[in-house]
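Let me begin by presenting the structure, written as structure tokens, before commenting on it.
Labels for the chains are A, B, C, D and E, by order of writing; each one numbers its residues from 1.
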Amino acid sequence: MSKLFNIKEDRSLFPEKNEQGKIDIDLSSHKYLKLWHGPQHPGITGNMSLEITLLGDEVMDCETHVGYLHRGFEKLMERRKYIQCFPIVCRVAVPEPDFNEYCFASAMEELAGIEIPESAKWLRTLVLEMARLASYLMWIGGQAGAFGQGIIGQWTNYLRDSMLDRFEELTGGRVYHMYIIPGGVRGLLPSGFKQRMEENLKFIEQMMKDVERVMFNNAVFKKRSVDMGIIEKDWIYKFGITGPNARAAGVPLDVRKDNPYLVYPQLDFEAVTATHSDIYNRADVRRRDLLMSVDLIRQIMAKMPQKGEIRAETPNVLHWKVPAGETYSKAECTRGEYGYYMVSDGSEYPRRINVRGPSYTHAVSLLEKMIINCNLADIAGLMVSLHTYPPEIER
Amino acid sequence: MSKEHTEKRIVYSPEGDPIEVNPLQDYFCEDLPEVHKASSIAILENFRNWARSRSLWVLGFGTGCGAIEMRPLMTPKFDAYRYGIQWRPTPRQADVFVVSGYLSVKTLKRVIRTYEQMQGPKYVMALGSCTINGGMYWDSYNTINRLDYYLPVDVYVAGCMPRPEALLAGFDQLKKIIREGRGEGYNKYAEEFAWYKANQKKIIKDWDMPDYNW
Amino acid sequence: MDPLIKQILFALLTIFIVLNYGLIVQGIVRKIGARVGRRYGIPFYQPYIDIIKNYSKRTRISHGIMYYIAPVFRLTGGIGLLLFIPVIFGNNMFQNFSFSGDLLLILYFQFFGVLGMALGAAESGHPNSAIGVSRGLSQVTAYELPLTLGVLSLAVQYNTLNVSEIVAAQQGGILNWSFFTNPLASIALLLAFLAAMGRSPFDVVLAPQEIPIGPPTEFHSGFLGVLQLNRAIFPIAKLILFMNLLFGGATNWGELIIKTFFIYMWSVFVGVAFPRFRVDQSVRWYLGVPLIIGVAAVVVSKFF
Amino acid sequence: MGKINDILSPFTAWKHLVNEPLTVKKPLEREGADRYRGFHKNEIDKCIGCGTCEDICQNAAIDLVPVEGIETKDGDSGLRPKIDYGRCCWCALCVDICTTNSLSMSNEFKWIDEDADNFLFIPGADDKPWNNSEKGWKKPDYNLYDPNRVDMQELHPEDRDKSFIEIVQGYSKEQALKEADRCVECGICTATCPAHMGIPEYIRAIRNDDLEEGLRILYDTNPLPEICGRICTHKCETVCSVGHTGDPLSIRWLKRYIADQNPSERFKEILGTDTIEQNGKKIAIIGSGPSGLSAAHYLALMGYSCTIFEKLPLAGGMMRYGIPEYRLPYDQIDKDINYILSLGVEIKYNVTIGKDNTLDQLHKDFDAVFTGTGLHLGRSTRIPGTEHKDVHFATDLLREISLGNEIPVAEKVVVIGGGNVAMDITRSMARLQNQKFGKVNVIATSLESEDIMPADREEIVEAREENAQIIPGWGPQSIEIKNDKITGLHVIKCLSVFDEEGRFNPKFDENIKDFFEAEMVIESIGQGMDLSYLTDEIKENLKMDNRGRIIVDNNFQSSLEWLFVGGDIIQGPDVIHGIANGHKAAIGIDNYINSKK
Amino acid sequence: MKEIIDRLQELYPIGDFKQQNKSLALITVDKDKAVDFITRLKNEEGFLHLSIITAVDWLEKNKFQLSYLINNPTTKNSFVVRVMIDRENAEMFSIHHLWEQAATYQRELKEMFGIDFPGSPGVDKPFILEGWHEIPPYRRDFDTKNYSEETYFPREGRTKNVPAEYMKQKLYPDE
């Protein structure tokens, strides 16, 4: 019925765009309002900021500012031995450190020509899927929270926390696991782990049903998210979009399927896709991906060998010289293609390591484009729905 | 690049009014912070301190990776609300600044600005190795090593990163400090303002904040 | 004793009771919300400590005279609303300053605080405040329509503009409540009530994820304390108004507390389950179903 | 319908109102997981302060500091890790790589402090509440370095027990690289090595495949690498930090690898000793054993012209005449000695001081005299029967073998002694028996029980592989002689060798007896020195201790300032001490001569 | 992958082909032909996805190596296209017209390595650093540890002992 009042907006007052698709903004005309979102801003994912120029409630221009979390990892790694890089790589992306660990370790193993033991492969896959699950759980709370629905975040953050407990048990660390060590992993499953994990998974599934009812079958949520922030299909390659953002647009980019690594070829799963990548679609893809992760964890725990070597024999890590060469090792993280480009010059220190975080393209070039003409109120929701983690942009 | 940055320029207020900004001028130094003494009536001050300790409003500014543990802290598993710890999105209303880990120079600038916007008595809780002595980024060109050179820190929590339980223990300690009337970090900041500023200026050469806000 | 002084003393007593009730109910409601989120939440007395804490802040900065006055305006809006509503039906002392046309004044006071806040927030200079205020004003304007129409419908129904008389007309049993005698107006009013309470899905004014935290962004220390007092009193005043209009008022404090609590819970009930509307969406929404129901309520009560 | 559902279904959230909150009730009492990486613990008595934790720490969080109550001694640097929690990231790499397994982590994680300077502590030494915590991260099942030694290729016992061909084949390049890779570069070994060789440095040179650099490092402190690389008593390996939880590094074999791989003709070029400026001073050296050669080498490098007086026909002293060829082939001795000779050192063979020349004469002819005459006299057990002609001293027999002389070999032999010399003669006898009779029947018996036998472990093992019997823990009583022929050795059980204060004071159980059949008995219970070349006049002026040893200062200068003494007669007996003495004496001589000017 | 290179070998001077693994190959292209070559790969060979652009500083050779990692989403193969450029006045042609995110990568390279990409949007704007006055930090001649120690007040109270040296001092000081 409210359609009756859907009066067509009068956009005659809005300025014309110039050739670059931007608007010549003259702040002194008193038409515009300049607003900074972040870094101290609860609606921003992590520590970054958006410089927004508003006309009314509508964003006319936006520039992303990053670098608040820049620690110079790539520089630090150049002056650390390979093994010493292992504890610091996980800090690149805080909510899901394991993908960093995996990419780093696998790039290094590839250059050094090391084959890791079978059970280490399974354990790595397990940890990666657990990380994916935990990260999605936190994300889902964030997406609901960005639209002002705090209750989902309360539930899912608890669920994530229960995953963190499992992580703690398995890896010895709560947030930074430092588990996937070059050459293998750092421990077998503790006793009773599978059972506790199963309890967790059951609870997650149960709560996710509630989340679906409360968040996804929600008139207001739909109103906020359907047809909002659409990623066009032809943007996918133009902007280098990967992961759920691309899959929601119907492009099944999933490194797990495309360039299978670890034991993924032995697992039964499909890349989750949707049709048109609006906020709702993307959320839904992530929710289904999350449930798929639950399923994958079950598969892994059923199929994995119970015992076995966890780490291949490697040279003494104190003076491990990796043969000269370069490679790129990638994995599918929750946001898309995560990759480590490693160049070795044959010394004990890496020559150069470059981290490809999917947020790099999502949060800068893509966000800057998508945010134009978006309502001020939707910025938080839009940004969360791209699932960006600033630390992997600036590293 | 650096030179242009330190030249005078015109910026616009949110409404578009032009303002001339001299990045090299210490605007914040024109109105120096003052020392605010505690009330001399002991019983009154004790009562206030009690209230301050039971109502800690934490500024929602995730400066580093430690911010990831804030969510578990404020959600069902650890539920810090029951201890009077609440979230506040604006610095004006916050009492506690939780510096969650490493600070890049760029963030430090905002952190100082934010800290100065907070109203006293205000407290700083520093998380993790990074704030104590640089942590794993001890040799990074872009992160500071020790926070106490730039801001008065009331309580440190060790860990990388500290778990929510440790944070709660840290808050417990902070409460104790406040109840004992020792939470006077912001007065220390006012007293030794010149020293703090000198340290801050050593690494932040130009104080040119982009436009009015950040 | 001069009856006027007595009246004033009782009005102060009302404010005192309502303030405490407001603070406690605020704590309890947050606790309930927390329970749905499966945690314990704040202690119910936390709002008291927060207020004491804010008054214990040692430093405050000012952005000008309006900045000082705004919280006072806001509080005046709350207290004013309360003072013109008869609180306890049948008790002369708790009639406050109710008079024959008080309904109009009450509707005005709904707006008064927001306007005062607007001035102060604008002076605070923070863009988030300005945006928050503009959002607040548009939303108030939007929900004011069904609210006014609902009130109008009741005024037509009971043929009076005096709240006390409306309450009086509802005495004599549950079925005499306007809620049952004039369901259309009740629906319009209760929908408007959601926005009046500023909870989801109509909490776009504060919206921490978008414009942290809207109008009061710059307010702190004692100023914030004043606003917090208002935040305790204002909702209760509104609750009492809705109770008087729809649920037959209260003849004693106990009845008042029970009734207002349940009305409060209505907004909490909705608020917990939904995310927030954008401001244009909420305006459009209020211009939709609630407005039509409001118009229908007036028409029905006028012609049937 | 869907729309109404969308409005109603969110209200299902309210069903959780009646559910119990999921909150941890007492979060401050919550413990970390069993495997949690919490605060550090250190078993401070087990720790040796090797500093591997410091090396691996990418945060420079660990310092090694002296700790009260921990003394610096062989195999323990006396330092302990002090951890800066302003740096630590709790990666536990330090725990994983800890060579002694002393470092671990508790599952405790709460440390709040108001003063940032307090976050420095020494785990184990400082009293911390988590010191007794049982849980936490322990060293896992994998190793960050290989704890197992690379096997050395050796001749099979069947192949070797008939001949005197060198048993140990030496490392190939891959093996050496792999073995060198195990080193953690702690440098604990350097202090224990009498010559304080730069062990980690030359192992690093092997890793970098820069063997010339390795050779230079070797010659810095040791001019006899081929010899040392084979028969050094490798005290370094006993303290090797890697050996605490695995096999120690084969430092000796690695040294040999460097020496073997560098061709002898390039030594001078590699070591940069093609031309040495002579200073015209002359030094006399008595004895061409390790100490004499070492002194000659370093003195020659300093420009002195050295003359060595050797009693026997070939140089090398005990190295040549006391050690069987299967352990130390003569050509390797020659390699080392030839290099030293190439520096301009002269050796006069078959010159016995005291007979062919006198010490006084040397004193007159030379600027200083170094004597390292070693221990060549056998010592007797003095049990009944030792005066029999078929009772021999091991040193005499070994010397005869080296000289190429025929020695008496009996079908049944008993060797008394448990040191390396005893093993040498045992194994030599075994070979000779094999050559002569085609079978082995030799028994070596020692006072010490097997675990404290002074001989190298591998010597014992190899001797057994060669079918010699090693029967430790027996004290010889008497040699039974029938018809002027030895028939065997009576022994009684030895309970302990040293008393509580560590002095030699064996205790026996008279009731447990045994009898080893033998036709020949060889005594190898130590050697004595022969100082007969010292004239009475010199002896009067020379300070000696009550056991007849010459007293020397740190630079091995005796109380006669022109006379320097070193080698086995001062310290040892072993090669590496001799080398170290020689080196120090060379410095002492240099100082002495410079001070005379 | 080899066959693509064999096909294009005539058109472009391609050197150093190395099949790193099943789906990744490394090639080197001259600076002048690089953009052409990448455009060709994108438009005609289906290498639609740009993963990263990054640089490696070969200080010893006085060269920067630029690495373009491009991926074919259909065949799932990737190329690392390496371009060596001079270290002095480092400059490279921009490819922002091919991929939008390239501009961001180029902006970062300009800031962190000092490699200029004329024409790339916003390439001169600071990206990550703020008020940086030293040489670009990812260059190998920039010593981060030194800079940190001079600038950021490391905490006092640390002492350093090397076990071998300490033992020498304690056990045999005068040798």
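By definition in this document, a residue touches a chain if its C-beta (ideal position, glycine included) is under 8 Å from a C-beta of that chain, and two chains touch if they have at least 3 such contacts.
As the structure is a computational prediction, the values presented were derived from the model and not from experiment.
**Student:** Indicate the lowest number of steps between chain A and chain B, counting one step per move to a touching chain.
**Tutor:** 1
**Student:** Going only between touching chains, how few steps reach chain E from chain A?
**Tutor:** Tracing touching chains, the least step count from chain A to chain E comes to 1.
**Student:** Taking all protein C-alpha atoms shown, work out their mean, then name the chain whose own C-alpha mean is nearest to it.
**Tutor:** Centre-most chain by C-alpha means: A.
**Student:** Could you see whether C-D or B-C has the larger number of C-beta contact pairs?
**Tutor:** B-C
**Student:** Compute the distance, rounded to whole Å, between the mean C-alpha positions of chain B and chain D.
**Tutor:** That gives a centre separation of 58 Å.
**Student:** Go ahead and note the Å separation of the Cα centroids belonging to chain A and chain C.
**Tutor:** 42
**Student:** As a quick test, compute the distance in whole Å between the mean CA positions of chain D and chain E.
**Tutor:** One centre to the other, that is 49 Å.
**Student:** What positions in chain C touch 2 or more of the other chains?
**Tutor:** Within chain C, the residues that touch at least two other chains are 34, 36-40, 127, 130, 208, 212, 272-274.
**Student:** Multi-chain contacts in chain D: which residues touch at least two other chains?
**Tutor:** 10, 13, 16, 21-23, 32, 58, 84, 86, 89-90, 116
**Student:** Can you list the chain B residues in contact with two or more other chains?
**Tutor:** If we look for residues of chain B contacting two or more partner chains, we find 14, 60, 75-77, 79, 82, 89, 106, 132-134, 136, 138-143, 146, 160, 163, 213.
**Student:** For each chain, which other chains does it touch, given as pairs?
**Tutor:** Pairs satisfying the touch definition: A-B, A-C, A-D, A-E, B-C, B-D, B-E, C-D, D-E.
**Student:** Taking the touch rule as given, give the residues of chain A at its contact with chain E in the complex, in rising order.
**Tutor:** 66-67, 70, 72, 74-76, 78-79, 110, 237-240, 242, 251, 253, 258-259, 325-328, 330, 337, 339, 341, 343, 351-352, 354, 356, 360-361, 364-366, 369, 394
**Student:** Give every residue of chain B touching chain E within the complex, in rising order.
**Tutor:** Interface residues on the chain B side: 1-2, 5, 105-106, 109, 132-134, 138-146, 149, 199, 202-206, 208.
**Student:** Spell out the residues on chain E that touch chain B in their complex, using ranges where they run on.
**Tutor:** 124, 126, 129-134, 137, 142, 144-145, 147-149, 151-155
**Student:** So in the complex, the part of chain E that touches chain A is made up of which residues?
**Tutor:** Going by the criterion above, the answer is residues 20-21, 23-24, 26, 48-52, 54-57, 65, 67, 69, 73, 76, 78, 80, 99-101, 103-105, 126-130, 137-138, 140, 142, 144-145.
**Student:** Quick one: in the complex, what on chain C touches chain B?
**Tutor:** Interface residues on chain C, with respect to chain B: 34, 37-43, 46, 49-50, 52-53, 56-61, 127, 130, 208, 212-213, 216-221, 224.
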